[in-house]
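Before anything else, here is the set of structures, which you'll find just below.
Below are two complexes that have chain A in common, paired first with chain B and then with chain C.
Coming up: the complex of A and B.
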């Protein structure tokens, strides 16, 4: 995609794990060999289990953790090659919304100060206009102007998340990285916040990297979905393809965990339950990292690392990292798992 | 959250009352502390009483220090009545006279003019230096941390009074040197405390959020880390006010502090040593030291109980006028609003 806003190529983030109580040490490959892109005004959802590197990916793009290898191109500029000061300047183009709105806001600052902070730091506006701009931003996220001089603890979780969103919007970024923005919210508020994201996108051509393990939220908001497992990309395709025709066994298992709000359908569905736990990222399986839990695993999976390849038909890109990727994977996995 | 199961309960416009509940203590966010101690806090009424006694005593001493020239006719140094030397308490001289016929009452009361500023300045210097160094150590980590902490370990490994004595003796007896020598031995305790605070605050989500906005390291440190570490410092500083008064008196007692004609409590007790028969010479300055040290300890202990996270759950806010004043003084608008 030549006109992509963000292009992540072969991104790797490795951490040196210090010797723990058991004396083990090594390298944790939190993210390894990740390729994806985000277009202008596009939402890419990232899903996967806890610890699969979703959040690390977001932090790496925002420059909050250092990429070990690979490149992150934002409008043709490689963010991984920037120096300290430039990294901070680049953060103007990308902003983050965090999972817990309670702890991601400085409780000692007023809402006005919180939302104005990006303006202050990046000096995009003269100070005299901050108040006006903050009031406008608060209006945008559906908060009253009277919130300006109040403190975050005076608001509900959903309102606090709106404050966090207003803060992210302050410097008019091109990309907002949402790190589980709805995980800490009540179900009813979740929908409101998701709709707010969509409205804002429509109005200002925003792109989102939407990190979540809430599959229904991801389905609601995403154009394309990236499925991750143990820091590796498993599958990347349009939302409908991922939901209706997943070609990776892990995606199949994930999707079967999404409840369908129709008792008839739900009763007749075949659920795929994965056995065991996610292996330690300190010592990932050889070959395909998913093979230890995959119902389709063969000998080749232990020896050869599956390539992240395009299996799409009719022009649509559909990336899958599986030796056995094929249409109708859902049925195949279900029948194998039933045996 | 049992609230979530009640239908229609989870609206976005929930009142802040429901949000300022115990849930906030779970996150890293600061909980607005209150100073009032209700009976339920301690399982008894002692805490609040002690706190009030402490505050009353300190305020009384401050009042005395300010107004003493107006209600004693005697000058503590120049009014010598050699005919009436070593007269017992009673009559014109409420606390008697010393060996030069000076009025002991005037000398003790004027002593507050020396002890209070010494304590305040010493603690302020010690807190300023200690906190800054400790916060830098915690924030930067690595070699800076190691070097700073080892130096503070060295200072801490000496008994405070011995090291302060050595420094004061080297500098020569004067009140300024008392301040310098005591500050020189007490700063490492603040360094340790602040470093620990910063280490834990550094991992709060709001710090990451501040970085993600594009704040410089200096700003993150100044605005988002430092203010959050000051709470326990405040408690320790209060208790230390008492300790410093004792230390300063100790230094003067030994003879390396305030120089003789100055009405200093420690020096007065020291002089009284050689005249055990004239019991009033030592008793009254001793009581003055005792009341001041106790007062600061009472306040400090009450504040510690109040800030202790273990005691922080399920407590009603509120309290008397005194707690409101203190809350406003120490916590600003945020504290006032929270109440």
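Coming up: the complex of A and C.
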């Protein structure tokens, strides 16, 4: 994709782990060998279990953790190679919305101050115009202007998340990184926030990196979905392909585990159950990291690391990291798991 | 099952469950208040439901709807103050929990009825081994020796699918992963062979793949009567026989799982179902969002608590809280409009 807004190539984020109570020390490869891109006005969802590196990916793009290797190109500029001053300028173009709207808003600041803070930092607007701009931003996210002089605790969880979104919008970013933005919200409120994200996107051609373990929310909002496991990319394709024709056994298992809110469907479908838990990131399996829980694993999976390769047809890019990637993977995994 | 007879024989239950069997667990007209700085919060208002042997009843609702408070109050696990149970009756296999002494209650909890919670780390004592904690209940309730209890603990851990149970039984809670700890908690709850299992969002903190394992495990205990609290409608669809929907401290609809999902009658239930994104929705329509917020429990309106957010509200909804009435066989809703619709279609 030549006109991609964001191009992540071979990204790695490694942490040094000290020996702890659980024993073991070494390097945790929180993200390793990650390639993906986000187009203008596109939403890419990132899914995976706890510890799969989805949040770290978001933090690395925003520059809040340092990339160990690889490049993060935003409109042709490599964010990993910037000097201090340039970092600040680049950060204006990407903004974050966090999971917990209670701890990501400073409770001692008024809503007006919170939303105006990015304007102060990036000096994009004369101070005299801040109040007017903040009122406009609050209107965009469906909050009354009267919220300006009130404090976060006076608002509900859903309203606080709207305040967080208004703050992210303040400096007119091109990309918003949403890290579990609806996880702390009740279903009816979650629907309001998801609708707001989509409305804002339609109006201002925003791109989103939408990180969540809530697969139904990700499926609803994303154009393409990236599936991660133990820091590695497993599959990346359009939302419908990931759902209807996944070619990685992990994607099959993940989709199968999402309960469907319809008793007739949910009771009659076969669940592919994965055994056990995600292995320790300190000591990931050799070869394919998923092989210890994979119903299709063969000898080659322990020795050869599968390449993240394009298996797409009809011009659609469909990336999969599996030696046995093939159409009809869902049926194959289901029949293997039933044995 | 335990052969010990019930401690006291409560008043004969007069109501049968909607399926026409004598219930094993029954909550009747339960009312619970909390003293808060803002005033008295009416957290549970005239809540009643029953569970038949082998049945799974799901209680769904959003934060603050009173799901957890109902169950904790029913088992007398809420601290008083700040809470106060101001009315109601709770029967476990005919025994009225509210008439028992503290000591008698301890004999019932863990033996006839037990509970699993959302956060397995805080449900376990961090300084005792998992095996010791599973043993504790069965030694007390079933009079097993230390050795027998340990053997049973290992057997239970194996049954719920904890790998290497021989080794795990001597480990401490923090040494188990979240999914394994949740299994161990279920093992602990089921070791006493209770008649009723109360589960309060036991899979909410888990990854979906681990959640799927736990749900499969729970489904495998087919004779167990279960009250399953959840806000996840997908989980409920796969597990429950009947569903009760709570809003602002009241049950506003209850009925068989298929009717609740395919023919919901209360406007809140309809909106709740519409607000869930569906994996099979190809058009990606905007989700139904319910405007506004639930009312404050400190200042509940005299009428229907859903009035301010309801799309079919009428003036009469302001005057008093609609009662739960039959809108279909075994299916009740607390809504004047839904009741009228049911009458005209009957």
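Definition applied: the second predicted complex is superposed on the first by the 336 of 339 C-alpha atoms of A that agree within 3 Å, B and C clash if a C-alpha of one lies under 4 Å from a C-alpha of the other, contacts with A are read in each partner's own complex, and residues count from 1 in each chain.
Going forward, a contact is a pair of C-beta atoms (placed from the backbone, for glycine too) under 8 Å apart; a residue touches a chain by one contact, two chains touch by 3 or more.
Small disclaimer: the values here were computed from a predicted structure and weren't measured.
K.L.:
Using the touch definition from the top, say if A:188 reaches chain B (first), chain C (second), both or neither.
P.N.:
Both partners.
K.L.:
Classify the contacts of A:49 with the two partner chains as first (chain B alone), second (chain C alone), both, or neither.
P.N.:
second
K.L.:
Regarding the shared-chain residue A:266, is it in contact with chain B (first), chain C (second), both, or neither?
P.N.:
It touches chain C, and chain B stays clear.
K.L.:
Once chain A of both complexes is superposed, is A:247 in touch with chain B (first), chain C (second), both, or neither?
P.N.:
The answer is neither, since A:247 touches no partner chain.
K.L.:
Tell me which partner A:217 touches in the superposition: chain B (first), chain C (second), both or neither.
P.N.:
second
K.L.:
Report for A:95: first if it touches chain B alone, second if chain C alone, otherwise both or neither.
P.N.:
The answer is first: A:95 touches chain B but not chain C.
K.L.:
Using the touch definition from the top, say if A:156 reaches chain B (first), chain C (second), both or neither.
P.N.:
In the superposition, A:156 contacts both chain B and chain C.
K.L.:
Overlap the chain B and chain C contact sets on chain A and report the shared residues.
P.N.:
In the superposed arrangement, which is not itself an observed complex, chain A uses residues 156, 158, 186-189, 192 for both chain B and chain C.
K.L.:
Which bits of chain A are touching chain C when the two form their complex?
P.N.:
Against chain C, the touching part of chain A is residues 22, 49-50, 156, 158, 186-192, 194-195, 198, 213, 215-217, 219-221, 240, 243, 253-267, 271, 273-274, 276-278.
K.L.:
Looking at the complex, which residues from chain B come into contact with chain A?
P.N.:
4, 10-14, 16, 18-20, 24, 27-30, 32, 204-206, 208-216, 219, 223-224, 227-228, 334, 337-338
K.L.:
Okay, in this complex, where on chain A does chain B touch?
P.N.:
By the definition above, chain A touches chain B via 62, 64, 88-89, 91-92, 95-96, 98-100, 102-109, 117-118, 121-122, 150-151, 153-159, 164, 167, 171, 186-189, 192.
K.L.:
What residues of chain C sit close enough to touch chain A in their complex?
P.N.:
The contact residues of chain C facing chain A are 62-63, 163, 175, 177-180, 207-213, 215-216, 231-238, 240, 257-258, 261-262, 271-282, 284, 286-290, 293.
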